[in-house]
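The first chain written gets the first letter, and so on, giving A, B, C and D; residue counts start at 1 in each chain.
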Amino acid sequence: MKSSTHAAISVTVALIFALTVAIALIKLGFAGPWVTQNINLANMFLTGVPVPHSCCFSASPEVVTSVIWDERGIDTFYETSVLFLAIIGTLYVLAGTFKARPTPEGMTLIVRVISKLVAPIIIVVSLSVALHGHLTPGGGFQGGAIFAVAPVLLLAGWGSSKLLSLGFERDTLLSLRVTGVLLIALTGIGTLIIGLLKGVNAYVFLNQPKPQAPIGYLGWISTPWGNIVLGGTLILLNIFEFLAVAAGFTLAILAVDSSGGGKE
Amino acid sequence: MIHIPLLIGSIGSTAALIAAILAMFEKDLLKAIVLSGIESIFTAFLLVVLLAPDLLIAYVAVGLGINSVILIYALLRGERYEE
Amino acid sequence: MVSLAELNYVLPAAISIFTLAMVIYTYRVMKGPTVPDMVLALDALTVDLIVLFMLITLYYGTPYLAIGAIPLSAWVFILDIFVAKYLLEAKKK
Amino acid sequence: MIDQILFWFGVALLFMGGVLDVIASVGMNRFRNFYLRLHAATIGSIGGGVYPLVGVAILVLGLDVPSTFKYYITGSALISALIVVLTSPAGSHILAKAAHKSREVLPKPAIVDRLKEKEVNEE
């Protein structure tokens, strides 16, 4: 790198730093008066989601999850399909079947034991993130992304033979992935089919009954101790997305490991 | 009154910018992978400051985890030092 | 019960201490002459940032930011292991 | 009363961790060698990470906020502290081993290097 480019980059970085500090100091960002001026669409969702009988009620206190899986359900479904096709392409290019590599020599006993200890904790955390996706931030994709830590840890510490012996086979993972995507589509179409049979209005990815379309999934279960919030389709979609994403990340890492790394 | 998280966020985002520029000019590719990981961590910090925990979890998994792991596997096949 | 007003005295001081540590770590992370130096400093930096996450959670008063700390700490361990794996396996070729 | 004790105990842990973290970050810059910086990294991750996380977990329990919020933050902080206390020493260990074995970092001012002698003898 020449010294002139060095100086130019330094000046640019310093300018951007000064600009960001200035923005932080004079509170021009979201902390200023702009915070109350959301766009109309955002206002509609933010005020409408927790209110029953409104245009976009979804029986869930979490606005983000209800927006991405209820009002923007088709978008999210196509994003899941894009990831699905990417994994299929990776498998097609890289690996026919997964090779069972022996335990890598360099890894010591300490790393192996720690990876074995941490993996169950990570799996429990990922399950909680995915199953509470309609109550707290998180959801299917986030839970699946946290779940992927456990196979990668076991892969690094113990080699792919351990993972294959634990049941992370290629066909099992692929069928889990296909099942996840298929069940998401079926859950989305479910209301449409019921609406066609009953002869009333219905939409794809319809979660709760709307004024125009009186069909919906179970929002909560009433028990003597209080309501258990299910969020209609949200909990189902989160579970299926969790299956699909967790299996997909594991498949990608296993395919890259069995074809790429290591000595030939 | 100073908005403290936004101020720290400006420091973190500048560090992310510096890490990205250094990764661009780095000849040692393993170092470049680690530098891109640093960039991901500071961007994740910026996401916390901007109150987006959903994006944070997905971004950390993809930008810091899967990206680095797959690039290191790719680097095991190839040459470590660029011309 | 301790009221939230007590937190206003504690949090700015704690946040500034950890930010100072973050800046000093960042210098070593960028400079680090070798790769293990950088990854080691990255480890410590990440732990520092996790504490900052928790403090910012308390500052904003919304608990939901706290969950982001767990995947961050787990994925950084994986970066450690894979850099070590690269160093160990690339030597043999 | 118990809330006051919990809150100020948590604050004490938090500030102790902060001081240890600054010490570790200065040490990370002052030490000359990778193998010396391992000491600073240990202080930075255990002293500067686990103590403040446990401190935050305890501090929140005494605060005047709804109990679901409290337990959410406490659980997240304790689990991340558990993961850090398990993984950080293992990461430093495998990194040091890889750096020594691959000759990436040489222990420069070393009088005697038994590990290298052992490796040479085995080969």
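What we mean here is this: contacts are C-beta pairs under 8 Å (C-beta built on N, C-alpha and C of every residue); 3 or more make two chains touch, one makes a residue touch a chain.
Not measured: the values here are computed from a predicted model.
Engineer: A-B versus C-D: which has more C-beta pairs touching?
Structural biologist: C-D
Engineer: I'd like the Å distance between the centres of chain C and chain D, where a centre is the mean of that chain's Cα atoms.
Structural biologist: 10
Engineer: How many angstrom lie between the centres of chain A and chain B, each centre taken as the mean Cα position?
Structural biologist: The separation of the two C-alpha centroids amounts to 20 Å.
Engineer: Could you tell me the distance, in whole angstrom, between the mean C-alpha positions of chain A and chain D?
Structural biologist: 30
Engineer: Got the chain A residues that touch at least 2 other chains?
Structural biologist: 106-107, 111, 118, 122, 125, 129, 136-138, 145-146, 149, 152, 261-262
Engineer: Could you check chain C for residues that touch two or more other chains and list them?
Structural biologist: Residues 22, 35, 39, 64-65, 67, 70-71, 74-78, 81-85, 88-90 of chain C touch two or more partner chains.
Engineer: At which residue positions does chain D touch at least two other chains?
Structural biologist: Within chain D, residues 72, 79, 83, 87, 90, 94, 97-98, 101 contact more than one other chain.
Engineer: Pick one for the touching-chains graph, please: line, ring, star, complete, other.
Structural biologist: Looks like something else, not a line, ring, star or complete graph.
Engineer: Report the complete set of touching chain pairs.
Structural biologist: All chain pairs meeting the touch criterion are A-B, A-C, A-D, B-C, C-D.
Engineer: With touch defined as at the start, can you tell me which chain C residues reach chain D in the complex?
Structural biologist: Residues 1-4, 6-7, 10, 13-14, 17-18, 20-22, 24-25, 27-28, 34-37, 39-41, 43-44, 47-48, 50-51, 54-55, 57-58, 61, 63-64, 66-67, 69-70, 73-74, 76-77, 80-81, 83-85, 87-88, 90-91.
Engineer: Touching chain D in the complex: which residues of chain A?
Structural biologist: Touch list, chain A to chain D: 106-108, 110-111, 114, 117-118, 121-122, 125, 136.
Engineer: Chain A touches which residues of chain B in the complex?
Structural biologist: 2-3, 6-7, 9-11, 13-14, 17-18, 21, 25, 50, 53-54, 57-58, 60-62, 65-66, 69-70, 72-74, 76-77
Engineer: Which part of chain D faces chain A closely enough to touch in the complex?
Structural biologist: Touching chain A: residues 72, 79, 82-83, 86-87, 90, 93-94, 97-98, 101 of chain D.
Engineer: With touch defined as at the start, can you tell me which chain A residues reach chain B in the complex?
Structural biologist: 1, 9, 13, 16-17, 20-21, 23-25, 27, 29-31, 64, 129, 137-139, 141-142, 145-146, 148-149, 152, 249, 252-253, 256-257, 260-262
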